Each structure stands twice: as structure tokens, then as C-alpha cells.
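Two complexes follow with subunit A in common, the first pairing it with subunit B and the second with subunit C.
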Partner chain A sequence: MTSDGRYKGWALFLPWILTFGIFWLFPLIYSFFLSLTDYRLLDPTVDWIGFANYARLFSDPDFITSLENSFIFVIGTIPFTTVIALGLALLLNEKLKGRTFFRAAYFMPSITSMVVIALIFSNLYARGGYLHFLADMIGLHPPVSGFLLSEKTALASIMAMDIWMASGYYMLIFLGGLQTIPDELYESATLAGASRWQKFRFVTLPMLKPVLLFIIVINSIKSFQVFVEVFVMTKGGPLNATFTGVYFVYETGLKNFDFGYASAAAYVLFAIIGIVSILQFKFLKTEWKA
Partner chain B sequence: MQRSWRYILLSAIFVVMVFPLFWMFWLSITDTASRLSFDNFAYIFSTNKFGLYLFNSLLVGIIVTLGNILFCFMCGYVLARRKIPGSRFWFYTVLIVLMVPVHIVIIPVYILMQKTGLYDSYWALILPWLVNPIGIFLVKQYITTLPESLEEAARIDGAGEMRILFKIVMPLCKPALAILAIQVFMTNWNSFLFPFILTSSEQYRTLPVALAMLLGYQSIDWHQLMAGSVVAVVPILVLFIVFQRHIVSGITAGAIKQ
Partner chain C sequence: MHTGIYLFAIRLFKKKFEVDLRRRAVYRPDMKKILILAVLIVLFVSSCGTKQDKEIVITWWHFWTDTGIKPVVQEIVSDFETSHPGVRVELVDLTWADGHDKIAIAFSSGTGPDVVELGSDWIPEFSTTGHLLDLTSRTDALRSEYLMWEPGQIGDSYYAFPWILGTRVLFSNNELLTSAGYSPEYYPGYWNEWLTACQRVDALGDDIYGFGSNSAERHRLYKKFLPFLWSNGGRILSNAGTRCVLDSDKAVEALEFYLKLSETGLIDTQRRLEDAFLEGKIGFIISGDWLLKRIEKERPALAFSTQLIPAPDTLAQSISFAGGEYLCVNSKSKHFDMAFELIKHICSPENQLKFCKQNRTPTPASLIAASHESFAGQLHYDTFFAQLQTSKMPPAHPKWVYIEAALEKAIEKALYKTETPRQALKTATQIINEQLLK
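The block that comes next holds the complex of A and B.
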């Protein structure tokens, strides 16, 4: 490569270097520094306070609640989303008329704006809203004030909406994975006299492991960051019932402008997401080898 | 499973998946007494400034999409053909950013925009998103599968690097760039968090931000809110129906290759 060519190479790559440096690397470092200070918007003096913000976080009941809610959200949605998505993919993996149509329809919620989905469900969940009406009719005794205004049902309602929304997206990824499984494997399984269930258990499932791992890790990272739904539908309420980790970061940092404290919270959440992803990788990988 | 049972099941799921969107359309074209009426649309475009929000969403969406086509192509090409030392390292930076949760950068980016005076402007909506890691990844993977012989032949014929890049490689990348463009536009169109925290005045408000802020206001009812939602959803639905195959293959390709 000529030195001229190399020079042009850097010029062509400049957009990523700038974006990476300015909007990712710098913020990541800066936000860690912030987390060690008491920087607030309206306070001109900025002092180093070491890890005091982190210590404060773990005695802050609001933060603990927000972490609990985030974990409930992740643990309560991912198994359902994954199983439903896999079920939909299996239903649509065989050649049948209208396959493309159904696939498109199931996927449609995933391409719709989260704000719009949250608005529609706010209406459906409200007192007298369609879902509220339906639940009442079949005798489920929904909360009188509507699903989102009751402590008991608010978080679960948002979770149900998220499962509904995300299933079609992960279905598509499963379908992609299913198509990479060679037909010969099923043919030889048929010759060996395997039942449908055995084919699924001993051919499909093992072959889908990498896709399954990918889906679980990606969905966990996404679900730990739940924010838009909460912002639109409940603002963290009622009584902190839907107050999640990222909502805590938003409220402390960009509503109360307590930048240092919010950055510390963001880093704790970041560390939790990192640890959970690594654990998932390790655990699921060894599980599969056995 | 018997064929007819499969269709009954598929149709039942279809109703569950499509009903909320149907409900949105239904509310948007009826009034509070459930009579057909298009007044909701007239209201949001006259009393609320949905024309402005629509314009903002389109403007930002188009600029960001064009930026990504050009910049992701350039950067993906550099990584695929190893045009700079440390290509592998730079490729890792792309993969890492793909995994970094965005909540960690919202406060520093907010402060950065405030300090540079870009807060509450079109720049704040556009600059951070002109190139994105998924796009670079897609282009890089695609160019790696293309034979290098065409580029070498052109080089022997004395074509300059820029000419090779834009006249030979770029046209070959059209399928990948099409997928990229649609994905970038849809993501940008639907994005809420950053437009919401990086702007404050109505002048720079995009559709999702406007809709999220309108819920709970006394002066607007569900029918009008759903009319606004329809305005935000229809362009994406049209894109989806027209480019369905591109969108589906883009998602599966990106996921499976990782």
C-alpha cells in the first residue's frame, strides 16, 4: 500500500473515528469521572467525592427498587418472549400458503414506534379501555382504576405489552436460524424412526443453540434498558411500581440534574448488564456442552 | 398438526398481533360518539403542529439515512479491504459499540451538547447518528464476499482510489446499502430517547417526542392522539409493505452472522 493510499484510508474512516470518539468513548470515560464528583447543574463548585455516590446508591431505597423492577422485568419477559418467538417460528417454518403474510403481520409490532405502541396500550389498559373491559367481562376483576394505575398490575401490564411487541422480531431471527439446519439431518432422523418431538429435541434445539444464546443475550441487554414504555405509560408510578433502572438514571440526571449521582447509577447498571451477559454466555455454553 | 388447525391457530395469533394497530386506526377515524369523522386529523394539523413534527421527522430521517449510506459504506470498505493499520482493532470498536447500552452515554452526551451550544437544534438530532455500527458491520461483511479482482483490474488500468471506490465498489454494494438505508430510516423515525433529551423547543420536535408529550394533556383526547399516531406509523407501514423482503433479510443476516 502506498503512503498516499493509507492517508486516504484514514480519511475514509474518519466518520467512524469521530463518532466513536465523541459519542461513545469520550462519554463512557467522562461519565465515569462524573460519577466520582458531586457535579450538579446549578452548583458551580465541583468536588471529587471518590466513591461516595456509589455508597449512597446502595442505601437509596428508590435505586434498590429500580434495580428490583429491572430484574423482574428481564426475568419475567425473556422466557415468555423466547418461547413464544420459537413457537411462532416453528409454526411458520414449514411450507404453507400465506406464510409470508402471517410472518409480516406478526413482525409488524416490532417496526412500529415504541411511543405509539405505548400510547395504544395506555388506551387499551385504561379504565373502560378494551382490554380492561374484556378482563372484566370474563370475570378477572381487573383493578377499578385501570391496569396502569394499580401497583399490582402496572409492571406486569408493561411486561405483557413488551412480550407481545418483541415476539415477532425474535421469531424472524429464529426463522433465519431454522433455515440454516440442513434437511439431511431431519431425513436421517426420520429414517431412524424419530418422532416429531424427538426431532425437535435432538435435531432442531441443538442446532438452534447459537441463535438461542444470541437472542437471550441481546434481549437481556435491551430489556435492562426499558425506558420509553415507562416514560409514556406510567412515569415510574404508581408508587414506584414501574420505576426501573434507566428511569432512575433519567430522573436523577435529566430531571433533577444531579449528574454525578445519575452517572454512578448508570455505571452500576452498566456493570450489572455486563456481568449478566458474561454469566449467560458462560452458563449457556457449558450447559450445551453437557 | 392438521392443516386446518394450523390455520385456525395462525389466524387467532394474527388477531392478537394486529388488533392494537387496528384499534389505533379505528379510534383515529371516529369521534367520541363512535361516528366516522376525519376531524381528528384536521385538529392535530391545525391546533397541534403535526405538520411541523412530520417535517422534522422527515428532514432528520432523510439526512441521517443519506449520511449512513455514504459513511457506513466508506468505513465498511476500509475495514473489509484493510486500508488502515489496526483494521482489526477498529472492527472491534464497531462490535463493542453494538453491545454498549445507550443509557450510559445519555448524561455525558447531554452535557456535551449543552456545552457546545448544539443542544436544541437539528445538529443535536443528526450529528450523533450519521454513521452507525450495524451499518458498518453490514457493509464490511458484504464487501468481504465480493472478489477483489475487479478493483485490482481497475487499479492496473490506472483508475484512482476514489474512482474505484465510488464507481466500482459502491454500485456492487447496492443490495447491502438498500437494507442499510431502510433500517436506518426506520430506526431514526421511531427513535425517542435522544431526540427527547437533546431538544426542548417545539421547533425541533419529532413525531415520537410530540406524541409522548401530548399524552395526559387536557386539551387532547384519545381520538386525536391516535390520529397523531397514525401519522407516525403510516410511513413506516408503507415502507414495510414495499420493502418487506429487504427488511426481513437485513434482520436475519445481521443476527445470524454475528
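The block that comes next holds the complex of A and C.
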């Protein structure tokens, strides 16, 4: 390549590099530096404190609770979201009447603003709201003040909403995966006398494993980062029942202005997400190869 | 000057363009000339600004974005500009959702406004970190004319000018009280009478509640508990502000009584409690003047009364929670004298009166405005003004965010029965004391 071509290439690349550097790389490095200081937004004095913020995090009951809630959220949503999304995708991959409408309808929640959805669900879950009324009518004895004001049901309610919202999006990705499976494989299976279940178990599922891995990893990362739902619906309460990792970072950084401590919490969360993603890649990929 | 710069730039490039056109060559920019042109552009732009530099611009960040009140704010500002030629006030709207964050980030980066409106419990965090101008000497002569300087006071220094105040009073539903066997405007003067009235209203039906009790709603719950604490003689911090005293018997008694009231009622968010009150389902609710506006707009036929929050007994006083809007000057403002002039103008009795009448706020900070005839005889306004006289604000402390969080957590634990009131307040006291020692 001529030097002119190289320069042109870099020039075309420059807008992305600048955006990446200024809005992603620099904050990432800078926040790590901040996590080693006692920087508070309004306080002009900043002292270097090494890893003291990290040590403080693991003795902070609020942070521990926030991590527990984040793990419950991830473990409690991903299997349901994945199974529902796969089920919907299998159903809507068939030649059904009106399947385009249903595909669009199931996908719709994932392109709707999370704030709007959270506000609607806040009303549905509240005392006298439709879901509360329905639960009461079928004898489930919902909490008197509504699902979001009980420490026993608040997190589960947000998780249920998240499953409802995310399933359509992952359904679309599964649909994409299903359509790449060659028909010849199903024809061979039919000739070999395979039942519908056997076709699903030995053809569809193995062929979908790369998509499945992608969905699980992406959904785990997204679920660990749950914030807007909590911010709009419960503000982390009641009794810290919905206090998640990212909400802890928000409260510490933008409410208490303890930027050093918030940065350390963000890095711990970043490390946890990284480790979980690596483990998912390791285990799911190995199984796929086998 | 502008024409000169323009002609020079044309001459500079004209020759080069002509040569290039004749040769049909690809035009290659001459970096030296581009640099000269850039300098000329900078000169041109800066010369355009000369006229504006003569003008003093005061920026004021405020929260009154509602279309009903914003025109009054603009009118007050226009009056100031008219009476101060050469001064322009730049209004910047903030929202309660993220206004606090924006102010903090602006102050931290040195780009804060000249004048800023702050909520009463935000002032210490900005004043103790040196971001607000000390207004002590400027307000010496004015302090006797305005109420509630305490939130802006750190030691002997004053950092904030009180503008609009607010307090909470007791709202009661007249029809429910009649159904419970009381006179429509029955006033339970003391805690025991209040509890009995709540229990009797609560017994009226499954969907009728005695008291509207706030649930675990952050930044709100503590405001509902503090009137009980203060009225019972309890305190959050010691006199010197160095030690938390929330584990006192008085505080425990107050929380125990709050829980007893809650048992007779509905526990929900403030907004939904007010909805239920408007629907005639709640006997008693503690709320502010905004509920008056909601009733007037949404349920004008609702029969209700406003009264002072009941005191524990005959020996105690009814004390409510007060909050307010305060105006402060940025310590790094280039025009702090003019910024303070603007504050004086906004807070003048006539402008407070204009603002409060439009916003239907019964509690201006100016004593002259508060005693104006337009407030006299207004149903419910007297209650608010009387309650304001015995209202308190939380202690002005730089660590208030931590104190508030620990206090709210204690109330939540007691409300959700995961700890007894004594245990919950003891834990809160320990947490707050640890913070105070840091």
C-alpha cells in the first residue's frame, strides 16, 4: 500500500478512533486511576489510597447485597429468557398464518423504551393494578401494597418484566440461527426415521449452539448491568431487595459523589462480568466441539 | 475591520486558485496559507465578540420549568434587566431528576452558574467544599426579614438566601371522620387521640384506611418520620453535631408510634397515597401544599381539612418537616456582587408575593410577603403558615446523604419488621457515628 493510501485509511478511521479513545478508552483507564484514589466530586483534595477502596468494598454489606441481587437476577432470568425465546423462535419458524405479525409483536417490547415499559409495569404491579388484581382474583394473595413494595416479590417482579421484554429480541436472533440450518440435514434425519424431538435434539440444537452461546453471553452481560428498571421502579428498595451492582455504582458515584469508591465497584463488576463470560465461552464451546 | 480581514483572505487565495485552474492540476492546499487563514478567522470571530463583552451576563440555574410558573420567573428576570442596564440574565432550566448531579458536576469542573437554586438539604455539601460564596456580611441587615436561614448556615457563616419554603401538615377526610362518629373537622390534638381516630376510620371497610403511611421510598420516608421524632423531643445529632443520638428513648418511642399508625393504614408511595386520599379512601395523610393544588384540580368536591400535625401530649409541641428553595452565589463567579443583587431582587417581598400567588405557595420566606393581605383568610394557608412557625429542617451537615440513608434504612427495617425500632435505630446510630468520625 502506498503511503498516500495508508494516510487515507487512517483518515477514514480517525472519527471512530477519536470517539473510541475519548469516550471509551480514556474513561476506562481514568476510572481505574480514580479507583485508587479517594476522589470525591465536590472535594478538591485527592489522595492516593492504593487498593483501599477495593478492600472496603468486600466489607461493605450494601455492595455484597448488590452483588447477590445481580447474581440472582442473572441466574433467574437467563434460563427463562433463553427457553422462551427459543420456543417462540421454533414456533414462528413454522409456516403459520400471521407469523410475520407475531414476530413483530414479540419483538416490539425490545425496541420500546425501558423507561416506558418500567412505568407501565410499575402500575400493573401496584395495589389495584391489573397484575395485582389478577393475582388477588386467582387467590395468590399478593402483597397488599403491591408487588414492588414487598421485599419478597420486588426483585422477582422486575425479573419477570425483564424476561417478557428480552424474549422477543433473543427470539429474533434464534430465528436467524434456525434459518441458516440446511434443509438437507432435516431431510436426512427424516429418511433415517427421526421423530420431531430427535430432529430438534440432534439437528436443531447442535446447529444452534453458536447462537445459544452468543445469546447466553450477551444476556448475562446485559443482566449484570440491570439499572434502568431498578432506577424507575424501586430505587433499589425495599430493604435493598432490588439493589443491584450497577445501581450501587450509580448511588455511590452520582448520589454520594464518592467517585473513587464507585470506580472501584465498577471495576469489580467489570471483572465479574469478564470472568463469567470467559467461563461461559469455555464450557459451552467445549461441549459444542465434543 | 471585518471587511479588511475578508479582503485580505480573498487576495491571499485568489492567485493560487487562478494558477491551479490554468494548469488543470489537482489543487493542493498550502498549509502556511491555511494557517494564516485560521488566524484571520479567529481574529474575525473574536472581533465579533467585542460588543457582547461589555455586557455582564449572570447565569441562573433554576428548577421552575412548569409552564404555569416559568413566565413569572422570566418576568422577574426581565424586571431585573430593565432596572440594571447592561446586565443580561441567562436562565437555565434544571429538572429534579438530574439537576443535583448537573450542579455538582458543573461546580466540580469550575463551570458552575453565577446564581443557583438549591434544595435546603443540598446546601452543606456545596458550602463546606468551598463552592458557595459566604453571604454573611451581605445578609446581616436582611436576616430578620426572612425565615429559616439555618440550612445555609455553617458555623457563623451564611451561604444561602431563603426563597420559597415548604412544610407538611395533616390532611384529613371530613366524610370519613363523620362516618367514624367524629365531627367533620375533628382535630386529634395528641397522638393517642390521633391513633384512636385512625383505628376507627380504618374499621370502616376493607378499602378504607386510617393513615397513609409512606413505604420504603428513598429520599421521602425520612421526611415523614422526622415530625414524629422532633415532636417527641428526639434528635438526629447531638447539639454539637458530632454524635448521632438516634438511639435515644424519645426516638424509639417516636418510631414505635409511627409503626402503630402505619398498622391502621395503607403503606404505599407518596404519589399513590395521595391518589387514595383523593379517592376518599384514607382518613389522615401528611402532605405538602402540592396536595392542595391536586385536590383543587382533580377532586374539587373533596371535603377535607388541614391541621397541624398532632403533638405527642399536652406538654409537647407539633413540629413538622420543612424544606425549601434557596438561592446561592458561586464562589468563583466573576460578577458575585451583581449575582447577589439578582438574588435580592428575586427574593424581594413583592417578587416573592408575585411568585407565591402564581404558584399557589402559602409559605414565602419573606416575612413581609407572608403577612400580605392576599394570604390572609385563605382557607388552609393559615394552617401551612402556622405549621411553618414550628417546623424544622434536618441538620445542615456535609455528610447528610449518609445520615439520611442510614435513617431511612432504619425506618424501613422497622416498617418491614425485620428489626425492632430500638435495634434498627441502634444500628443506624452506629453507622452514622462511623461516618461522622471519618
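We take it that the second predicted complex is superposed on the first by the 287 of 290 C-alpha atoms of A that agree within 3 Å, B and C clash if a C-alpha of one lies under 4 Å from a C-alpha of the other, contacts with A are read in each partner's own complex, and residues count from 1 in each chain.
Definition applied: contacts are C-beta pairs under 8 Å (C-beta built on N, C-alpha and C of every residue); 3 or more make two chains touch, one makes a residue touch a chain.
Just so it is clear, the structure is predicted and the values come from calculations on it, not from any experiment.
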First (subunit B), second (subunit C), both or neither touched by A:Ala262: first
Partner chain in contact with A:Gly236 - subunit B first, subunit C second, else both or neither: second
More subunit A residues in contact - subunit B or subunit C: B
First, second, both or neither for A:Glu151, with subunit B first and subunit C second: second
Contacts of A:Phe26 with subunit B and subunit C, given as first, second, both or neither: first
Touched partner set for A:Leu254, first subunit B, second subunit C, both or neither: both
Partner chain in contact with A:Pro44 - subunit B first, subunit C second, else both or neither: second
Contacts of A:Gly177 with subunit B and subunit C, given as first, second, both or neither: first
Which superposed partner A:Ala166 touches (first subunit B, second subunit C, both, neither): neither
Footprint overlap on subunit A, comparing subunit B with subunit C: 254
In the complex, subunit A residues that touch subunit C: 41-44, 126-127, 144-146, 149, 151, 235-240, 254-257
Subunit A residues within the subunit B interface of the complex: 1, 5-6, 8-10, 12-13, 15-17, 19-20, 22-24, 26-28, 30-31, 34, 88, 91-92, 96, 98, 100, 102-109, 111-124, 130, 164, 168-169, 172-173, 175-177, 180, 211, 214, 221, 224-225, 227-228, 231-232, 245-246, 249-250, 253-254, 259, 262-263, 266-267, 269-270, 273, 277
Subunit B residues within the subunit A interface of the complex: 3, 6-7, 9-10, 13-14, 16-18, 20-21, 23-24, 27, 71, 74-75, 77-79, 83-85, 90, 93-94, 97, 99-112, 128, 130-131, 136, 161-162, 165, 186, 189-190, 192-193, 197, 207-209, 211-212, 215, 222, 225-226, 229, 232-233, 236-237, 240-241, 244, 247-248, 251-253, 255-256, 258
Complex contacts: residues of subunit C adjacent to subunit A: 101, 104-105, 107-108, 125-126, 129-131, 215-218, 266-269, 272, 401-402, 409, 412-413, 416, 418
